[in-house]
Amino acid sequence: MPYGPHTADDRAAMLRAIGVDSVDELFDDIPKALRASPLRLPDPEPELDLAIRLTALAERNRTNLAFFLGAGAYRHWSPPVVDQMLLRGEWYTAYTPYQPEISQGTLQSIYEYQSLLAELTGLGVVSASHYDGAAATAEGALMACRATRRDRVLVSRAVHPHYRRTLETYFEGAGLRADELPITTEGGTAGTTDLAALERELADSERPVGGVVVAQPNFLGLLESMPDVVRLAHAAGALVVAVVEPVSLAVLAPPGAYGADIAAGEGQPLGIPLQYGGPYLGILACTDALVRQIPGRLVGQTTDLEGRRAFVMTLRAREQDIRRERAASNICTNQALLALAASIYLAALGPHGLRDVAAMGAARATELEAALAAAGAPRIHPGAYLNEFAIRVPDAPAVHARLVDQGVLAGLPLASIMPDEPSLADALLVCATEVTTPAEIDRFATALAAELGTGGADRRQPEVAGVR
Amino acid sequence: MGVVGNPLQPTLAERSRPGRGGGKIPHPPKDALARIPAGQRRAEPPALPELAEPELVRHYVNLSQLNYAVDTGFYPLGSCTMKYNPKLDEWAARLPGFARLHPLAPDAVAQGTLELLWDLERWLAELSGMAAVTLQPAAGAHGELTGILMIRAYHRSRGDLERTEVLVPDSAHGTNPATATMAGFRTVSIPSAPDGGVDVDAFRAALGPRSAAIMITNPSTLGLFERRIGELLEAVHAAGALAYMDGANLNAILGRFKPGEAGFDVMHINTHKTFSTPHGGGGPGAGPVGVGETLLPFLPAPRVLREPDGSFRLEREGERPTSIGRVRSFVGSTGVLVRAYAYLAAHGGSGLREVSDDAVLAANYLKHRLGAAYDLPFARHCKHEFVASAASLKKRTGVRTLDVAKRLIDKGFHPPTVYFPLNVEESMLIEPTETESRETLDAFADAMLEIAREAETEPELVRSAPHTAPVRRLDEATAARQPDLRWRAMRGAETPCPD
Amino acid sequence: MAVPADLRYTKDHEWVRVEGDIATVGITAYAADQLGDVVFVELPEAGRSLQQAAPFGVVESVKAVSDLFAPVDGEVAAANEELATKPELVNSEPYGSGWMIRVRVADPGQLEQLLDASAYESLIAEA
């Protein structure tokens, strides 16, 4: 065994002390009929061989493409100080801070995470984190039902499709109902949640709504009219769950400012690598009034016997280890190491740095929009966006596949993730962030223009030259 | 703990000084946000801390030194399998090809990771004796929810809507009943037999047409293998119910017992326990779920598939309508799974069997040594962990399990899990794992025996422990009565943005 | 631990003080001690109707949680709002300002089923 310390002498001495002749005797309690068949697994692989093989396996992934894919997971630059701090064994080889006297590092870091996210979201209470944006959104919707004692939520179809599917799975189990709100397809609000439909659904007194789930920016990158959503929902006694992207909160009005009761979202953009889907960071926040409804771990400030400030897990009687079948959620762990990463990232960038990340993404997106429009693929929706938007490309999935062959990851064909939305059948969802380079944009636009037979000479006009 | 001077640290907010920091991100053009309507913009910049990088690094390094961790010492936290985390695994997860891969990247771009996930599924299926494995769940409790939702879908697919109960022994982890509730079931708690094992007769009496499933941890939360598990599984299936195994204690039985072979229908695996992906101060974990043939159609989407040409792809949206659907975004916590893969490959089949052999050996050795001063309510050989109790010590000296735990901190050890399982008075659940040397096990045993002596001679010393930790016992009541969950009115962000 | 002689008790460690058709309900000093530091009490609103032996609220300590069971049928006349900000009163004055609800008793006969102080004293002596 590669990481075990025992020599043959050690084992023999321990067996002698216990009073058995062999380790097999310690497994006598497994009934003979139930003992395992031999393991059919590879032989142990020495670290050197394994390292070479893993390197080759990793290199089979193509990560050197010009890159315009977002759709809920975003490529950002994480200053090296973030990962170097995470590599300290005191952080990543500790567990849940059950013993606060020897866990003040983790406890204070979670308190700081709660504080930083409270500031970003404008809400008073932030959980120590959930699995990911989808699970946090589902938990947020369940919270809304618990708090209102109603059994139905309305979920905008402009919320990430994975979040909607996850929420459905959670709601199905809980015996609650999740109905979807359509996306407007025409006019100036095309691509955003249909507020007239929201108003109609909320007016159905037979089926009172506990929560309304809307994303800002929404899955298509567009800005929703959140104050209107809040006004309509609150008038009907429903809570609002705002699904947020944390970097955008440096420049966009936060949920607390427009009156949302609950915010949920994916914390991956805060310095956490893409790593094919996780581990990520589920953000869940709520108003002070809902503190007893929020599931998951919370850390609070207190004092020790000698009056020194210290931190401790608190309000624990809400959780599964004490409340068992009556707990609000079965969640046991949090994503502590990812919450730590997010905190270090935020502290490394500071308020101006985070704003610059958001604004630089918006600037690059403006360039991208112009370049793609010139290449013959204009934006589909007219409304305001931050750094992600949908473009019209005939036969989008096939074009997308051919562009990959040319070294361009041209965002996401929306038909692959929203097959039930005919208005988006010919659409690519593309995004830019602060790491998107003008050269990448040029490569994308040139390849796309060639695909579409538009030549794309106009694209080189310096419409946004100031940016460079 | 390495800090010179007061080890407690100011918060980031207290360290912040307006104007510090910067140099990370180029400044965007002034009009970058001009197209965002004024009403949609944030009125005030967020009050985030402003620190120069040297201060930031000291903050986090000094904070980290307030933590006890596997890398700093022995961490026998029962039920959590705090074994050594190999550094190769950290390195592997950070390989750029793995770390930079977007979760919605087309299959053609992701062949390396997809192959890794495919192999990992096969290996976990072999270890668990299951037909297939989903790697999606993000933690053990998330795996439980996935498993129980599949059981629900199975009964419903047969038109059997009457099965509303999940049977759980009283020694179970709290997540089991909480999971049952989340999946819409009523929990029926079954008392344990006097020997600590499942009471098969009590289960038989409770099983019936309303039973959807049982949830069993094996080895149990007492660290004992359920010797009557065969009978119990027969009774469960005869009643038309399915059997869920909580795999929290898989570290004891690798290569010795395959739950799927024995008749369990579904189980979760905690990669952060058995396969040594780091616990991260509370997470991330991963909770792959294995299923037998019965539940195969209901696995969450998407699965990793292998094409006839040997390439790999993810299931497409809606491809398998019997699926319970999604339990999270994207494909899973792949970064954790890369670490688990590296761990499994480094050990191979023979190494994994040795893992369990050594884990069980270490637990029995430590148990043997502690018998001199503590109650051992279950005499027979334990698996990878065991229950000790300070009940007699408390009667004699007034020193409770909590006090023993706190005094262990003074002796340089992380305490075991305390007051769990619930069905043993003054319980301590001790899990040494296979990566601790005999010297370490002996040092811990010596410390435990010394504490028992101190309880007789200087009980107040033990009752007021810890004495050497960065802080003493905390006022948890005030923390809960007047929750202070964030800092307020921090300074900073007073200077305007440079542009 | 003194058990006030003028009160009635339940097996679930609640006390009942009867004044006219109003019964005031709280948890006993013994129960408060078993729970440890009480940090939160969830109580019903006035007007809610209660059924004997059915849960009407929850009391939480730092490390435990316990249901509160209605000692008799009736309607909630008042809940102790002070406990929202001072849950510690349950520990410090369990029979006084730590009271939980006042119930308008529906069936006075049910009061007769409750334990008297000596019966309750022997109950906790056995525990």
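Labels A, B and C are assigned to the chains in the order they are written; within every chain, residues are numbered from 1.
The rule is short, and it goes like this: a contact is a pair of C-beta atoms (placed from the backbone, for glycine too) under 8 Å apart; a residue touches a chain by one contact, two chains touch by 3 or more.
The model shown is predicted, which means the values in this text are computed figures rather than measured ones.
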Give the identifier of the chain nearest to the protein's overall CA centre, each chain being represented by its own CA mean. B
Sort the chain pairs by how many C-beta pairs are in contact and tell me the top one. A-B
Gap in Å, rounded to a whole number, between the CA centres of chain C and chain B: 38
Can you work out the whole-Å distance between the CA centroids of chain A and chain C? 45
Separation of mean Cα positions, chain B and chain A [Å, integer]: 20
Residues of chain C whose C-beta touches two or more other chains: 39-40, 60, 62
Residue numbers in chain B touching 2 or more other chains? 476, 480
So chain A residues touching two or more other chains come to 315-317, 322-323, 326
Of all residues in chain A, those that touch chain C in their complex: 292, 315-318, 322-323, 326
Could you pull out which chain C residues touch chain B in their complex? 37, 39-40, 60, 62, 87-88
Quick one: in the complex, what on chain B touches chain C? 476-477, 480-481
Taking the touch rule as given, give the residues of chain C at its contact with chain A in the complex, in rising order. 39-40, 60-65
